[in-house]
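See the structures that follow.
Common to both upcoming complexes is chain A, partnered first by chain B, then by chain C.
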Partner chain A sequence: MTRGQRLLAGALAAAVLAGLIVAPLSLGRYGLYVLSLWAVMSIAAIGLNLTLGYAGQVSLAQGAFVGIGAYAAAILTTHGYPLALAVVAALTLSFVVGWLLGYPALRVQHHYLAFVTLAFSTLAFLVFRNEEWLTGGIYGISGVPRPSLFGLSTAKPLPFYYLCLFALGVVTIAFWGLVRSPWGRAFMALRENPLRAASLGVDTRRYTLMAFAIGSALGGLAGSFYAPLAQFVDPTPFTLAMSLNLLMMVVVGGSGFFFGPYFGAMVAVLLPEWLRFAEGYYLILYAILVMLLLVYSPSGALGILDRYLRRRDARIASALRAAAGVGLPDELVQ
Partner chain B sequence: MTRVLEVSGLRKRFGGIAAVDGVSFHVDEGEILGIIGPNGCGKSTTFNCILGQLAPTEGEVRLDGRVVTNMRPAELNRLGVSRTFQLLQVFPQLSVRENLILAGQEHKGTMLSRLIGPADAGLGAAAERMIGFFQLGHLTETPAGELSYGQQKLLDAAMAFMAGPRLVLLDEPAGGVNPTMLSTLKERLRAINRQQGATFIVIEHNMEFVMSLCSRMLVMAEGKVLAEGVPDAIRANPVVIEAYLGH
Partner chain C sequence: MANLVDLIVSGLATGAIYALAAIGFTLLWQTSQTINFAQGEFVMLPAFLILAAMRVGAPFWLAIVVGLALSLALLGFAFKRLLVDPMLRHGVLPLAIATMALSTAMKESVKTFYSAEAQPFPSIAPSGSLSIFGSSVSLQSVGVFAFGVVAVVALSLFLDRTSTGRQMQAAAQNPTVARIVGIPVERMAMLTFVINGALVALASLLVTPIYLAKFSSGDTLGQAAFAAAIIGGFNQVRGAIVGGLLIGVADNLAAAYVSTQYRAAVPLALMIVVILFRPEGLVGRAEERTV
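Moving on to the complex of A and B:
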């Protein structure tokens, strides 16, 4: 990336951040709820993007991890524990369970792995619904409090939105560091060619488990903010439908692209709201738009941008070679 | 001379078929051993058994005197054993530079230091040197998937040397490479062998390439070792001529 491109990217990021801080000031209660939900679902989708997009491990269980995190937060905060502790508990629990769920991935891949994770998703839902002593069963847990931070209450929608946005910001920075680190490179190697990765000393077992554990932990983290956002937790949102919705966010945004989940979550959470002008037809319109996007660009929305940038770079490189009057050495062109 | 690799009585059966049938050989430090033989004679299966990608039915593999039979490929690599594959195995979406850094990063530090340390794992300069050494300088940031076949072969070979391995197993490095680039590859392999004292085992069908590169040859047929010796002796061996080289 050239200095100019870096400046442009920095200016764009600052503008988006300013928009996310300023725009909600004019929104009502429902608008703030939807925007907070976008931030929370983006965190969960970032986690799935690591497991699926970067490391290539199919998972249909991300919704279950959001549920695990939500219940952990709801149970702890309704018993008087602070949200910070609940967040740590949700992260830890989801990390450990995600690590264990990674073991089948060491033996099965692709759609077989999808079925294993689907079974886990169903199992988690049954626990949420049937273990009434812990989860409240079908009645759920109500009155999940929103925290006070440094004496400032986040009970109102706007402060809680900023808390969710802050959490998304922290996750974004941490995830940026992760995917740029040697770990990120090893995850991509796992996705592209595990056989070759192993022959280069990459411990494919450990990285596979890590991809599941970290991705699941982010799902749990999202859940620990979902509970105080909705202020009520019951099993209904954490069915397979949520996992499929999160999968759609990753795929529509662009699997394996850093900003894919943000865009995907926007499509899944905000687009249906924007399409409400179509009244009863809004879900049909939404489904058609998503299908058209994926037909046009199977690599998701950011895949379109990526293709454009690659073509542009290739054109520039070709023009530079032509201007310099040199081609590639003959022996290198086959 | 130090014995780097010793293979004894290696056997690999797939059902009723013995793909490798009691193969024994050794490689000494700094040696380039060539393995030749007709298609299906068990050369690549022997490689895969040595490297832990297939579990041998019988036999033993020793690296520097230590038994490494059935050791996982990643562990073997960390002990200094590297390889290239018969079919190209680069990471197409990573750039040339990223491919090379990846090839060496797991040999640097711990899991934790690789998470919180520098993005290039301290291998940026080494990757640049390797890029220059294999004459890929103009392609540093190009995704490996966009390189020509020959360029990918060079990258594949370069990746095998990123971690400064003690033993490198090259599976048909000359396959599909044009003559000019082939001489570059041969010259680079010789230079690494000379400068770093690296030990090679090379599977190859290109007789001119392998005979001029290797100091000793092993000929396989039907899963067994047919003959062993210096290239000139192999070229003149009537059994080898009959079974493989032809008149």
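Moving on to the complex of A and C:
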């Protein structure tokens, strides 16, 4: 990246951030809810992007981890514990369960792994629905409180949105650091060529489990914000549909691209709302748009941008080569 | 005991239907690496095509013909041409996601354009009941089971005994060599999609009288078909039938004797165990691809 490009990227990031802070001021209760949901789902999708996009392990269980986090948060906060503790508990619990779910990934790959995680997702849903003593069964847990931080209550939609945005910001910075660390490189090595990674001394076994565990932990983190956002937790949102939806966010946004999940979550959470003018047809329209996008660019929305940038870079490079080629004979003459 | 026989027979009947969907599912994977997450909806749709044809006044038999023709055209031909072909070379995952979107589109379309309510559907199997080992067994279950088995046997014979069937197997096992020896690989791939269209139409015809026609009925069917395909072995037609029957029976027995709450967990637990300890499936062989 040249200096100009870096400046441009920085300016763009600042503009987006400013927009995310200022725009909601004019939004109503529902608009804020949708935007907060976008922030929460982005966190979960970032986690899945690590597991799938960077480490290359297909998981259809991310929705279950959002559920685990949401239930952990709902149960703890309705019993009077602070949200901070609930967040830590949700992170730890989903990290451990994600680690355990990683073990099948050591044995099987691709579609088999997809089906193992799919089964896990359905089993988790059954536990949420049937273990009434813990989860309240189909009646769910209502009255999940929103926290107070430093004496400021986040009970109103706007402060809670800022809390979600803050959480997304923290996750973004941490994730940025992670993918640039040796760990991030090891994850990508795992995706590109596991055999080669192993022969270069990467402990593929440990990193596979790690990719699952960290990705799942982010799912749990998203869940622990989902619970106070909806203020009500019941099993219905955490069916397989949520896992599929999260997977769609990652792939539609652009799997393995850093900003893919943000965009994918925008498509999955906001696009249906924008299509509401189509009334009964909005979900049909939405599904058709997703298919068209994928047919046009199978590497997701950011894949289009990436292709464009690469083509432009190639053009610039060939122009430079041509210029250098023109200059060459003069030097030879001298 | 009386109860047990009935449970097993009705389990075999639903199992045969799962097997039909599972076979189509594995066929698509074999020939075009397509994981069709809309397979359940593929089974749901033909029933509505038939109902729609009957609504405009066609008699039942004509409606079946129309429904079958439309499923071959839409779920076979158009699905391959419009969605699978453009995405195939970009790997398994984007296509899998696109089929997820397709499943949403199909569900919502049926809900919006036809009805959100469950619709009754005429049965092609006879009604009444039969006495086996002193217990009554519904004729419908026996009829559905028989239809399913006949269809699977016919398909296996087609694949093993006819020239076209063997060309399809060759195209699936090794497309490059198949192309060298002059097999029209593209046409064979298209044929599998059309066969899948026929299989789901048949499954739809058999399952809908039992569970009614509803836009959301594909969810459970699709999951059962995945599980059946995995349990039996992803690369075998007879694997899918073993898996389908096993799941149908296990599901029924679990509902009766284990717990209705966790009945859905039984096929999945079975699937996880099979994947972990015998990933090639119960009757599959490792590292082999056969249609």
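By our rule, the second predicted complex is superposed on the first by the 325 of 334 C-alpha atoms of A that agree within 3 Å, B and C clash if a C-alpha of one lies under 4 Å from a C-alpha of the other, contacts with A are read in each partner's own complex, and residues count from 1 in each chain.
The working rule: contacts are C-beta pairs under 8 Å (C-beta built on N, C-alpha and C of every residue); 3 or more make two chains touch, one makes a residue touch a chain.
The structure presented is a predicted model; accordingly, all values stated were derived computationally and were not measured.
Looking at the shared chain after the overlay, A:203 reaches chain B, while chain C stays out of its contact range. In the superposed model, A:323 makes contact with neither chain B nor chain C. When the two structures are aligned on the shared chain, A:58 is found in touch with chain C, with no touch to chain B. When the shared chain is aligned, chain B comes close enough to touch A:195, but chain C does not. When both complexes are overlaid on chain A, the residue A:25 reaches neither chain B nor chain C. A simple residue count on chain A separates chain B from chain C, and the partner touching more is C. Contacts of A:186 after superposition: chain B is touched, whereas chain C is not reached.
Put simply, chain B touches chain A in their complex at residues 51, 53, 72-74, 77-78, 82-83, 85, 89-94, 98, 101-103, 105-108, 111, 114-117, 119, 121, 135, 138, 148-151, 159, 163, 177-178, 180-181, 184. Contacts from chain A toward chain C in the complex involve residues 58, 104, 107-108, 110-112, 114-116, 118-120, 122-123, 126, 129-130, 240, 244, 247-248, 251-252, 255, 280-281, 283-284, 286-288, 290-291, 294-295, 298-300.
Of all the residues in chain A, the ones that touch chain B in their complex are 178, 180-183, 185-186, 188-189, 192-193, 195-204, 206, 328, 330-334. Listed in rising order, the residues of chain C touching chain A in the complex are 29, 35, 37, 82-83, 86-87, 90-98, 100-102, 104-105, 108-109, 112, 223, 226-227, 230, 234, 261-262, 264-265, 268-269, 271-272, 275-276, 279.
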